[in-house]
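Quick one: this structure, given as structure tokens, is what I'll be asking you about.
Per-chain numbering from 1; labels A, B, C, D, E, F and G assigned in written order.
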Amino acid sequence: MEKSNWNKRKWSDGFLKGLIYLSTALTVAILAVIIGFILYKGIPGVNLNFLVRNWDSRTTFVNVNKQAGEASTNPKYVPSLGITLEDEDDTVYIKEIESNSPVRKALNMKEQLYELKKSDIITKVDSENTKGMKAEEVAALIMGSSDAAIRLKVIRPGGGIMPMLISTIYIIILTLAIAGPIGISSAIYLNEYAKPGRVLRLIRFAIQNLAGIPSIIYGLFGMLVFVQIAKMQYSILAGALTLSIMLLPTIISATEEALKEIPKVYRESSFGLGATKLQTIRKIILPGALPGILVAMILGIGRIVGESAALIWTAGTVAQIPISLVGGEASAATLTTKMYWLIKETGDLSTASSIAVVLLILIIVLNVASKLITRLFLRKKGTN
Amino acid sequence: ETNTDVTPTTEPTAEATKAPEATTEPTEAAETDGDLSGTISITGSTSVEKILMDMIDEFTALNPDVNINYTGTGSSAGIADTLAGSNDIGASSRELKDEEKVDGLKQVIFAYDGIAVAVNPANTVTDITLEDLVKIYSGEITNWNQVGGSDANIVVVSREGASGTRGAFEELIKLEDAGGLVEDATVLEGNGNVQQSVAGNANAIGYVSFSFIDETVKALTVGGVEPTAENAKAGTYSLSRPFIFASMEATQTPVAKAFLEFAVSEDGQGFVEDHGGIRVD
Amino acid sequence: MNDTVKFSVKDLDLYYGNFQALKKINMEIYKGKITAFIGPSGCGKSTFLKTINRMNDLIESVKITGSITMDGVDIYKDMDAIQLRTRVGMVFQQPNPFPMSIYDNVAYGPRIHGIKKKSVLDEIVERSLKQAAIWEEVKDKLKKSALAVSGGQQQRICIARTLAIEPEVILMDEPTSALDPISTLKIEDLATELKQQYSIIIVTHNMQQAGRISDKTAFFLTGEVVEYGDTEQIFNKPKNKKTEDYITGRFG
Amino acid sequence: MNDTVKFSVKDLDLYYGNFQALKKINMEIYKGKITAFIGPSGCGKSTFLKTINRMNDLIESVKITGSITMDGVDIYKDMDAIQLRTRVGMVFQQPNPFPMSIYDNVAYGPRIHGIKKKSVLDEIVERSLKQAAIWEEVKDKLKKSALAVSGGQQQRICIARTLAIEPEVILMDEPTSALDPISTLKIEDLATELKQQYSIIIVTHNMQQAGRISDKTAFFLTGEVVEYGDTEQIFNKPKNKKTEDYITGRFG
Amino acid sequence: MKKIAYKDNKISKRSEFPEKLFHGIFLVCALASVLSVIAIILFVFSKGLKPFFGDDAYSFLKFITGMKWDPGNDIYGVFYMIAGSVLATLGAIVLGVPIGLLTAVFIAEIAPKKLVAIIKPAIELLAGIPSVIYGAFGLGVIVPAINKISPTGQGESLLAVICVLTIMILPTIISLSESSIRAVPKSYREASLGLGASKTQTIFKAVIPAARSGILTATVLGIGRAIGETMAVMMIAGNNIGGLPKSIFSKIRPLTTNIAMEMGYASGKHQDMLFATGVILFVFIMVINITLIKLTSRLGSQGSSS
Amino acid sequence: MRQTFIAQLEALNNDVIKMGSILELSTNEMILALDNTDTAISKKIIDRDDEIDLLEQQIEKDCINIIAKQQPLASDLRKITSIMKIITDIERIADHCVDISEYIIRLSKLPKVNPPKNLSDMISAMKKMVIGTIDSFVEGNLEKATKVIQADDEVDTYFEKITEELSETMQKDSNMVPQCICYLMIIKYLERMADHATNIAEWITFIVTGDLVIG
Amino acid sequence: MRQTFIAQLEALNNDVIKMGSILELSTNEMILALDNTDTAISKKIIDRDDEIDLLEQQIEKDCINIIAKQQPLASDLRKITSIMKIITDIERIADHCVDISEYIIRLSKLPKVNPPKNLSDMISAMKKMVIGTIDSFVEGNLEKATKVIQADDEVDTYFEKITEELSETMQKDSNMVPQCICYLMIIKYLERMADHATNIAEWITFIVTGDLVIG
């Protein structure tokens, strides 16, 4: 065809190609900025303590039995307790603990073992406030007491996300335990049993709607029904139930995808070999769909981890490790809700970003896990 | 490793690491209260959180068998929970409204809080009169040069509709009479957001609890009066309000009662001061 | 030849909802022979085939009247569908081994029917694969995925899987249409081999294939059996004009 | 017959990475004839076909040596691939109309090449559909989706789509393997019709098809052209033992 | 040949009971979704519609057309929020769909495998990031940036919301578009190239049209995500208590934010009004969902025969 | 519809008909030549044989080609296989025309004698058969084919009669032996021609009915 | 490998060979009968013809079936089409054996005369040809087939010679005319048998080389 067309084509090709590259560059840039922002703000705050410590500091009174210890030249060393002290910003904390130190056998007010740890801050020795003292002074104070036992008021510093990590895991387990079986069963019903008709349409319509409802509405609903009407209070169960409903469509549709992947001929073959429906489901369909189901679960975990709006008003924002399913002691913040809370209440973007870093890592792990499962599955299925 | 490493700067726990100055004998307190056990659930105001968390920490240290949960849901919700019986104590950062004062509801004022008018440190304005403040929040004054600042639009930052702080603030400056909050005001959830927002915007004005004033924001003097606890307590600083614990007398547990007592005790009050609050006397 | 009737189909009508896919089918299918169904696309071949082992039961909208008897027993009234399907095996168009090892594929049927003993299973698997003329090719990789072999081999594994439940009849729905010519011939030879022991019914689009391997041929058109008779007669001297037209490519 | 050489292939080698898929192909393909490529699966038929319109350019790992000239011009050295492809149209195994209307499908090529005038397009569409012997069947539903017609019709629409760019050569890669016998015959007749105007190269698995419609046949085996000659000779009296074995089904 | 005895009555005796039982269990589970939707509608609507009935009923008209939200003074108007939500969503779609689609094109059609191996997981990561993080990002980066250019002197604005929402819907748009582009049969590409089209022409004239149903679904899902987004938006929208947005730099108060912001604090009628806002949001989402269902079924039927 | 195939069949059919009409021509001319012991016509007949041979070869090839390429079945296959047989018979009949022509030339070199009495009747019977076969092929007419088959007996009877007559003639007049031998051979060929016509008719029956009647 | 097809081709081949061996038997017996003017043997030959006819019909059917079902190509197709032709010729040769046998019976009823001098030579030449064709078919031996084709001339020469001899005999002794006519017919049949053998040899050439030599 003609030459002029030819040039016009080349020009418009180039333009469109340019747009494509531009868009991609933009997307990648955005991603880089977001990740960069999070890492820049968050990385400095991430360390072992951040991961393993409690969120809040915890004050405890302990009784410690002194031991016979040799005096030392180090004025910060307390031989009778086998610890070395250090001071900073008006506070004195334990810097080192000997292996046989009696503080390892410290007892709290209830005569329970409360082992002191490094970094624990000593704010009172017997009835003496240590505020403003130097380490040497406190050491002297302790050594000055002639009683066999000594009472210390100890503050274990917080600033860690341990409770949220654990709460998040609890909520994941609970939610999947509720939504998993229901979702998988639903998918099996829809894909294997349901006959076209009103019931199926209704169910599909319901699922599609569930999928579209914004999490804030789930939050409203969960707060109203589980927290208030069912009197669960802010609790992991209320949160998990809310999330379960929210996750149903995800799990159902991902499982259904996996089930659909199983060719119809497998079912026919199985029936053709005289298998019953249940046998076919158990022996052919579920094993075949297992990786897909696992991926569905991982997707679910991803959403649980990332969810905030539906959890804030159902599971609360308390940084504690829940010890029951309902009631006050079951209230718990996940990493994400805590992060939100942190920004809103304190404007502390740095710590929030540190949590975000942890979340990012978690999400990367989940993504990689789902990839691996899929690949493993493909390899199993493919030529080998 | 030191504790400052592990505790980021503006976090409640950072405050908590400072040893309380209380001089009461913990030993006695422990011995008298140590046999307490049970759970207390507290919901409500978020403004009281910092004070409350320290009180809880101390109280539970003294009473290891006591478990206290606090969830910051906002004053109104906290009182509503109390009325509905779904918590033990409701925390409020404002006076109870008339409709909330039902029979059997017992309120304990455990602190007063000043509300600081915060602007960006870069702002040249240092003082504001109550009248100007009302005009700014009602939208009558829109430029900083009307109150002695540079020629720049004022960015008005307020709190969400149900905030106790906002309720108290609007009440104290009688915003209602001036026509209510200007429509265009930025509304943010939580003191922290307000603080952040003001810190990030040279032309913003907001209000936060005293405890949120730090180097990132500057508190204006109101009618020439410094926003200090002393001034607030003395009544010369006009923007202050009570912090209240509300509970239903009939269903009150012994632990809850003990906690309420602790809150107004010397020990408890120590934390009030720690966080820029004003002790009740 | 041995002309025992295996299936006797009487006045069979089949509807998918309101659409009548089979119209008054009357046919006797004989033991130890290969019966081929030919006809243009959509004429009801597969439908009829599936009716024989009640695979259509799985489709909700299907309505069947008339009767099919196997060895004199009404398969719809007096026989359990699952039992029927163990007596009437089926091989499909696409080779469709399950995504398991070759061994597990062949052992699937026996296991379904409760056989657990390894030695018995081993024996069944070997016998079936031998019967399906694939033993030599796969005996060293029984534990490998059945999907890792060629299409033609897969199809023979599927046949072995069917043989493992010791059916009396094997239904094949275009078993070679997805295969290359060489694999096709292997399957054809296998079918000819197997008819000694099994009655075989095969649906095929490939007229020559029907001609090559079948003893009897039925020509279907829009749900009806237009002509049914000895394959030789159908291919050389069809009685019906429509059959002739179809066979000589003058159709449509 | 008119024996003008259209393509002249010289010492063509093609590698996919390290795997040599075509080995020293030497062949002259004639104008106005149908040339068929036959051979077992994987022997390189499609690869060679795609080499002729440089469709292989799109595959990263492909390496080609030797030369192909069209009307004396080296298609790899002295011709733009896109230009080449407008001169050498291609029809694929699966009918693959775009999910657009029939009209838009046929007008796709002309539009790509810058023709916008409705009247011109109308004319091209009608002419192409007529040439593809499908006009009568679709003229009343040109605005309907091209996917809404039967497979055989889809394939003819695809042929019309190719004709619309007025190619000189049409490559067909197993154009009927997805079609039923009746549609297959229609396409075959169409091909015979079209060779008056176009040179046609067709890959087919179906030996009889090659026999039926082609003038020349090339038999490929593991990347080599074993025998190339007049179709009649290849089918009645192949020179090479391997060709004979393949043709008579004694292969593999 | 040894006949193996598994053709006895064992099969028919294999009782029908487990089959039926499990059928029942599966059905009940499937109905859980229906139940959930009904429950959500029932509770949210009953609470959300309460203020408009009874003695001191609030005028629904006033609610739906209201330009100010001031619970303290018993003023509950949501129209300006609806406008804000719609504008923000629209903006996000207008920006996000083209960018996302073109990026998807890059990934699916142009990028070499190695690059895809980097970009794709990155975009999946983008999809997995909790919305709160986007909020933080918006607050920390976008708001200050807009602050610098905004005539209002403030960064919290419709523009900020659009930016964040655009970023948030990008992964949805990209990955759905990408998979629908990838799902376009290779044969379409071959056909187009075979007709002498260039690669770019092939992409825009053959591949994208063929993938349009997937792209549309992506768009609708993007709309759903944008309109329903809460936490990220809340931090950056400004959340003014009244007034329609006048420019891109105006603050808005999306419906979701209105709920989330006051939910914890509200009680009584105020709380009911938040549920009422939820009802409005719900209706919006329903409309989008039904559009989506209709669209996919129409496009689906268009794709196949008849 | 298989256009190409049907066209090929058509062409094949036409070729056979063409072969038949050439044969008819030769037969007629042969009769003429025999009547007048005309060497010129005889030579023409002999020359024409190549045409028939070529045609046979062509048709033979075409048949094999069609079988190879088109996979004919049922009636098509019957037709093609029958044609392959029919053309052999046509060619053979034509050959016999040539053979007779050669004897005519031989006769022309011998003293003229009266042809056997029944010869013309035999010829016309044979001619009827040949033409009958060609007609029945063209029309696919089973009846005509049957008639041809039945007519064979008539020709055989004439053959016996004429042999008798010739035997008597030779016994009577030994001078006429060479001529009589020629006539003997000619009637043998005529008889064979009728036989071949019968064969063709049988193949036509097969085409139409599908019943193989090989005798 | 197409097992079934190959087996079918094998069977077909065997049937043709079987037909050939029956023909060989008939030919040998016919020679014997002719030598001794043995009516008993002649009758046996005549009876045996049905067997050959049936076999021809069977093979004919099988060929059509194989073509219909197996789509033979190249050498396979050549073989099958050739076999279809070959069996016609074999059947025809067998027919001629019958025809000769009938003349033998006729001869036996006439006064005995000495057979023509060259008859036994002609017979052995013809026999060599018939056996040659069968051998070359069995072996697919192109050389032998070529020899058969060449041998035809020899038979033709004998035919001319014997005709001459018989002509003289009849002219000499008119009483011997009936017997001579019988011999004339017999040698005509022998000549035709040789012709048919030639045909077969030509088809065998086609099978092997793929070159159609129709004459």
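What we mean here is this: contacts are C-beta pairs under 8 Å (C-beta built on N, C-alpha and C of every residue); 3 or more make two chains touch, one makes a residue touch a chain.
On a predicted model such as this, the values are computed, not experimentally measured, just so you know.
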Chain G and chain A - chains in contact with each: C, D
Among all chain pairs, the one with the most C-beta contacts: A-E
Identity of the chain that, by mean CA position, is farthest from chain G: B
Between chain E and chain B, distance of the C-alpha-averaged centres to the nearest whole Å: 37
For chain B paired with chain D, centre-to-centre distance based on mean C-alpha positions, whole Å: 81
Whole-Å separation of chain centres (CA-atom averages), chain B against chain G: 126
Chain A, residues touching no fewer than two other chains: 9, 274, 276, 343-344, 349
Shared interface positions of chain F, touching two or more other chains: 1-2, 5, 64, 68, 71, 73-74, 77-78
Touching two or more other chains - residues of chain B: 72, 189, 193, 196
Chain A - residues contacting chain E, complex: 9-10, 12-13, 16-17, 19-24, 26-28, 30-31, 33-35, 37-38, 41, 181-183, 185-186, 188-190, 192-194, 202-203, 205-210, 212-221, 223-225, 245, 248-249, 252, 274, 276-278, 281, 302, 305-309, 312-313, 336, 339-340, 343-344, 349, 352-353, 356, 359-360, 363-364, 366-367, 371
Residue numbers on chain D that touch chain F, as the complex places them: 185, 188-189, 192, 208, 211-213, 232, 235-236
Contact set on chain C toward chain A in their complex: 53, 55, 58, 60, 82-83, 85-86, 89-90, 92, 94, 96, 98-99, 108-109, 111-113, 144-145, 147-148, 158, 161-162, 165
Residues of chain D that touch chain G when the two form their complex: 207-208, 211, 235-238, 244, 247-250, 252
Residue ranges of chain F touching chain G (in the complex, touch as defined): 53, 56-57, 60-61, 63-64, 67-68, 71, 73-74, 77-78, 81, 84-85, 88, 91, 163, 166-167, 170-172, 174-175, 177-178, 181, 184-185, 188, 192, 212, 214-215
